[in-house]
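Each of the next two complexes has chain A plus one more chain, namely chain B in the first and chain C in the second.
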Partner chain A sequence: MTDIMPPGLALKKVDERIMTLNVGPQHPGSGHMRIVVQIDGDYIVACDPDPGYVHRGEEKMAEYRNYITNVPHLERPVIHDSCNVLYPYVLGAEEILGIEVPERAKYVRVICSELNRCIYTMYWLAIYGIFLGHSTMFMWPAGDRELLIDLMEKVSGARVTHAHFIPGGVRNDLPANFEDVCLRQVNYFEKRIKEYAAVFYDNPILISRTRDTGVLTRENAIRYGTTGSVLRASGVDYDLRVKAPYDVYEELDVHTNVLKEGDSYARSKVPWLDMMESCNIIRQALQKMPKSGSVRTKLKPNPKTKGPATVYKRVESGRGSLGCYIVSDGKTEPYRVKMSVPSFRNLLAMPNLLIGEKLGNMPSVYWSLNYWPVEADR
Partner chain B sequence: MSSDSENPATEAKPEEKPTPPKPAAKAEEKPEELPAFEKGISDKLVEKFGDKVQVDFVKEDRVGIKTSKENVHDVAQFIRDDLHYDHAESVTGVDFPADNEIEVVYHLGSYTESSLARQVLTLATRAPRESNPIPGQDSTKLPSLRDVFYSVEFGEREVFEMLGVYFDGHPDNRRLLLPEDWADLPPLRKDFAIKGR
Partner chain C sequence: MSAIAPKFKLSEFIKSLLDNAFWTVLLASLIGLPAIQVVLFYIEMPVINGELLTPFLALTWLADPTRSLPILKAFMATDMFRVMVFPGFGFAALIAAGTIFIERKMLAKLQLRVGPFYCGKIEGILQLMGDGLKLISKEIIIPAKADKPIFWAAPVIFVATAAAFVALIPVAPGWVVADVDLGLLAVFAVIGFFPIVTILSAWSANSKFPFIGGIRALFQMVSFEIPLILSLLGVVILTGTLNLSEIAASQTNFPWIVFLPVGAIVFFITMLAELERIPFDLPEAESEIVAGWLTEFSGMMYGLVQLGTYLKLYAFAGLFVVLFLGGWNGPMVVPPFPEELLTGVQVGPLTVGPFPGLPLFDQEMLNGTLWFVLKTVGVIFFILLPRGVFPRIRIDMLLSLGWTKLIGLAFVNIFIALGLLYAGVLGPGGLQ
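Right, the complex of A and B next:
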């Protein structure tokens, strides 16, 4: 059997005791992703993540479209975090095209970006709940998410794929009376997510299933180049919104949530703490935002670049630092677009964390890595 | 129940509250000069390696270095040990058929050195390119930096399958995203065309 397998598959029979298991690629909760694990009894002895089932060639497609028509398809890797996944591309395109962004647009971007962070994290949390068999934690975030999706629908017209950030600003101004509605919804949302502590984060079953599983030490978190909540759960104080602020984050007071344990429990908790911080940021941004003014520097349909250039921009997305490297040769289409995505970076920690764990702990470790398969594959 | 979530807002207050150093602030006062902190990083590299490295660009929070494939490993080691960059954010391959070369770009960052938190160092090197590639068995090879920066492991695997650059010394040069039976050109090469475009 192993002889006729194409290269790349590690399904060799190692030992009589060792059994090879395919986990995935059909995944009940997320995008498709396969993990080949070898188990000795109940313990994982080898782990080989095999992404690529949802690879869509976004980077190749970006070479055929101009800087504006690239916007709708580049948000596809993470449709429920679409503002953040576009953000570095848009920042990079603005530098290459040499355009300024109006002040009000920068605040609208911050608000949309934080709303999207919460929308993404709620989806992630819902799936984390169902991965652990906690049905309430599936239903509650999936329902409360609607509060913010409704807000984004008011802003952009679309519930999930907003395509709202464009080079030069945002597509539309905020609708009339948005500030009041947003404040009300966000305040209620914050009240709701605080209730999750009692049902989920203080739940002894969750704690016993996630405490001390998949411990990622501070040194290894840095060595593997992890990012976002995975890094902050291992005690590294690094958030791009604070350390390298972009747009108007410099003028907002952003607090970084850091936990020191580095286990699945800490990794599942940091995104939840970040959501509360997002609510604070949205309230600050609503207050400081200029009340009127342009939100968009108008561009021609096929804008000209300033000439050959390379830019690398990064933002803090719902999963961590998301970078976009754009090489321009002066033509109207980018020469090369590379998305340096946090899911792909955090994937490297997965085999290292799973080896030595019990097979039953696999879901809690896997999903605590804040991993989104479609983003990792692009 | 658990004491962990009693006070979620304050438990994680980091000790280093003073704002991170903003070395680029000087650049705004004298826009004609290169930013001093970034210039210092590139100067250290030039001082150590002389004409083995070329400074591609020095701008706010970004330093770009180019080097040949013979020196890239030594340069990376110096960047890690003496400049204190500790992880790679991404590994990018860019195809340049006009030059008959493929450029591999490492974006390096630092979590441990707080003055480097804003910085990204771009280390670029080039491999020869063949028009009829046999990935892994032609001259398109580069030394792997995996023993210097562990975090490039999957990035280099991706560049191998997407551009056909083989990394000597990489422990696991297998495909990552593409199907195992992919028999076409590496898809991110410029001569691989999308149908209908």
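Right, the complex of A and C next:
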């Protein structure tokens, strides 16, 4: 019986000292997933992350819809980062359909993408705060996030599920007076997140709790295939916006934040620094954006492809490099859409980081990996 | 507003009120009046002060302060009043309820929220009552493999222990439930009981997360009891008594925190740990072990544990006030009792009084209570404040803090006290 059971459910004979804890899926310290943790006293001796609780078959669903109708459901894995999740698919679909994107649309995409990165990171930070028992750090980011959500609502009409990027550009032009409002809110937002240092990042208890816990060395970070903020916190200068710029990122001055420690503290700090960098990028993009012009190349409702093709595009999302591999067999629907998600890669590093740690470090190490369960399951 | 009663109609509301009034009158006249008649017919009523006691006369006396005040005063002299109402459970529960409300509002303001807002119209003042009603009306779920008698008893024992702690705290001169000579020792004994209750409830739940939480609570409370006891020894050395009322009375001129700040700081930190407040709320760390030893409690069992927790918080704050902040001592701010009320006051055409039963409380007691409550609320504020500022710390950091730093500081405090004593600056009688 035990042979055919999935690994998480198999009953194993273990030592009397070892206690097996099912952290999740119904647990305040797990996302929509389960982590089977075995502890000896206060030390974790084995850790088996068990994703798949919220698998929705997005990739299979994409095979039954054409290139336009795929847009609203492919953003569902990370609704807080919906623009960035759609970005690689949209880039790939444009190449398959053979359409050009207007210059202004590219800038609008960059602005929306950076706004969404901040929205996602604020949500992530709020949960990181409450995982460490810091309730103020839960409420502040959750409240300040509203500033940017309001901006995105002005742009797209929806608070979280924007479905704003479509093959050929963006759905709508920016509303009137958007540049001023955006600049004002983003400046205030930047001022506000700098205040987080006083209450959270410079907090001695936080530092003593997360310093030197779950250390991911530079070699291991590369070997496990981690990406995004996790990789950059381990001292690897890797940001797709700089290394492989897409759309108009090569015309913008993007600074990569790299920390060398590779511990939970560094991993929690890099996204916060990235948010300030996002504010810089938004300001630059607002300045360089063409003031008028088309934002969308018109397409037919059921656009035809040029013929069989494969394309792989990747972007830097809030969690790391997010790739989308599209195979077209010449029909109006894609033959296969495969997403290479950063969450799943970062999760692969988790068992190695958690073994040998104390149980009290589990939430901080787990959530500092910038892991979004729904995206890993997709 | 519309969400509260979506199908509200004023006419139906008035109709329901009239219905209720009708049935009340009907039942009272059909059952209540015959019952009174039967009682009057068969039972011989006593004669008091030359008057036959009738139900009418008894009701008149209730409304007459000259009659009811002496009864009230006699009741207030009983132990029952002290245990249930004033320095005991009722008073403490009132402060505990206020603490919960203030905590929620203050934390909300700190985090740029509004906190409880709708219940009770004015700033959500009735939120606590709503929460209590919800907890009472919820189903109590007991784990199938739990040790049921102990699991049922644990919340009750927890509240009882907290109430026993409250009973030892003197609020005003002479106003304490249990004025024992070894009061501080009794406090240590009661504090030593909390880990037992915690581990009993955690063990009897027979579940993994409560078990880990209970073990953590045991670690935390036992290892912080030692610096707690050591930090209070300084006060005992200087006052030469263990009686809490005498310790409070010895601080008429200056509170002990002036001479023993180290002890006060150590006691405050250990107090946070004993109370399982953030940053020491490891036994209830929700991201690691759900709710710790409270995980399996539901409904009013959880409510009882919360009540006990906040009673304990009040008692610890009161203990800090009594030991370090001078207890009830403070400048006299309460005005003296107006003596005219005893003879009667002419207010316009009316004569108010005389009220022979007054005053119910003397001036000293009111003043003492006022200062005690003010200081206690101040201490409670500082206990609540770290929750908005600090994250939770880890169990190994907590234990190393308790066993190395706090015990060392407590000994430093004892040496300061001994130095003050042998240098002749201070003695058992106060400043020499």
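In the analysis below, the second predicted complex is superposed on the first by the 364 of 378 C-alpha atoms of A that agree within 3 Å, B and C clash if a C-alpha of one lies under 4 Å from a C-alpha of the other, contacts with A are read in each partner's own complex, and residues count from 1 in each chain.
Simple rule for what comes next: contacts are C-beta pairs under 8 Å (C-beta built on N, C-alpha and C of every residue); 3 or more make two chains touch, one makes a residue touch a chain.
Keep in mind it's a predicted model, so treat the numbers as computed, not measured.
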For the overlay on chain A, clash or fit between chain B and chain C?
fit
By residue count, is chain A touched more by chain B or by chain C?
B
Touched partner set for A:L231, first chain B, second chain C, both or neither:
first
Who does A:S208 touch here: chain B (first), chain C (second), both, or neither?
second
To the nearest 10 degrees, what angle do the lines from the C-alpha centre of chain A to those of chain B and chain C enclose?
140
Just chain B (first), just chain C (second), both, or neither: which does A:N302 touch?
neither
Using the touch definition from the top, say if A:N187 reaches chain B (first), chain C (second), both or neither.
neither
Is A:M61 in contact with chain B, with chain C, with both, or with neither (first, second, both, neither)?
first
Does chain B (first) or chain C (second) touch A:Q287, or do both, or does neither?
neither
When the two complexes are superposed, chain B comes to within a least CA distance of chain C, in Å, of 14
Quick check on the output: what are the common chain A residues between the chain B footprint and the chain C footprint?
203
Which positions of chain A touch chain C when the two form their complex?
19, 21, 27-29, 42, 129-140, 143, 199-200, 203, 205-206, 208-209, 358-363
Sort out for me which residues of chain B touch chain A in the complex.
1-2, 4-5, 8-9, 11-14, 16, 20, 57, 61-62, 64, 86-90, 92, 94-95, 105, 107, 111-112, 117-118, 120, 122, 149-151, 153-155, 158, 174-181, 187-188, 192, 194, 197
Chain C residues within the chain A interface of the complex
107, 110-113, 208-209, 212, 278-279, 281-282, 285-290, 387-397
Show which residues of chain A lie in contact with chain B when the two form their complex.
6-9, 50-52, 55, 57, 59-61, 64, 197, 201-204, 207, 222-225, 227, 231, 236-238, 242-244, 255-259, 265, 269, 272-273, 276, 310, 312, 314, 321, 323, 325, 327, 335-336, 338, 340, 344-345, 347-348, 377
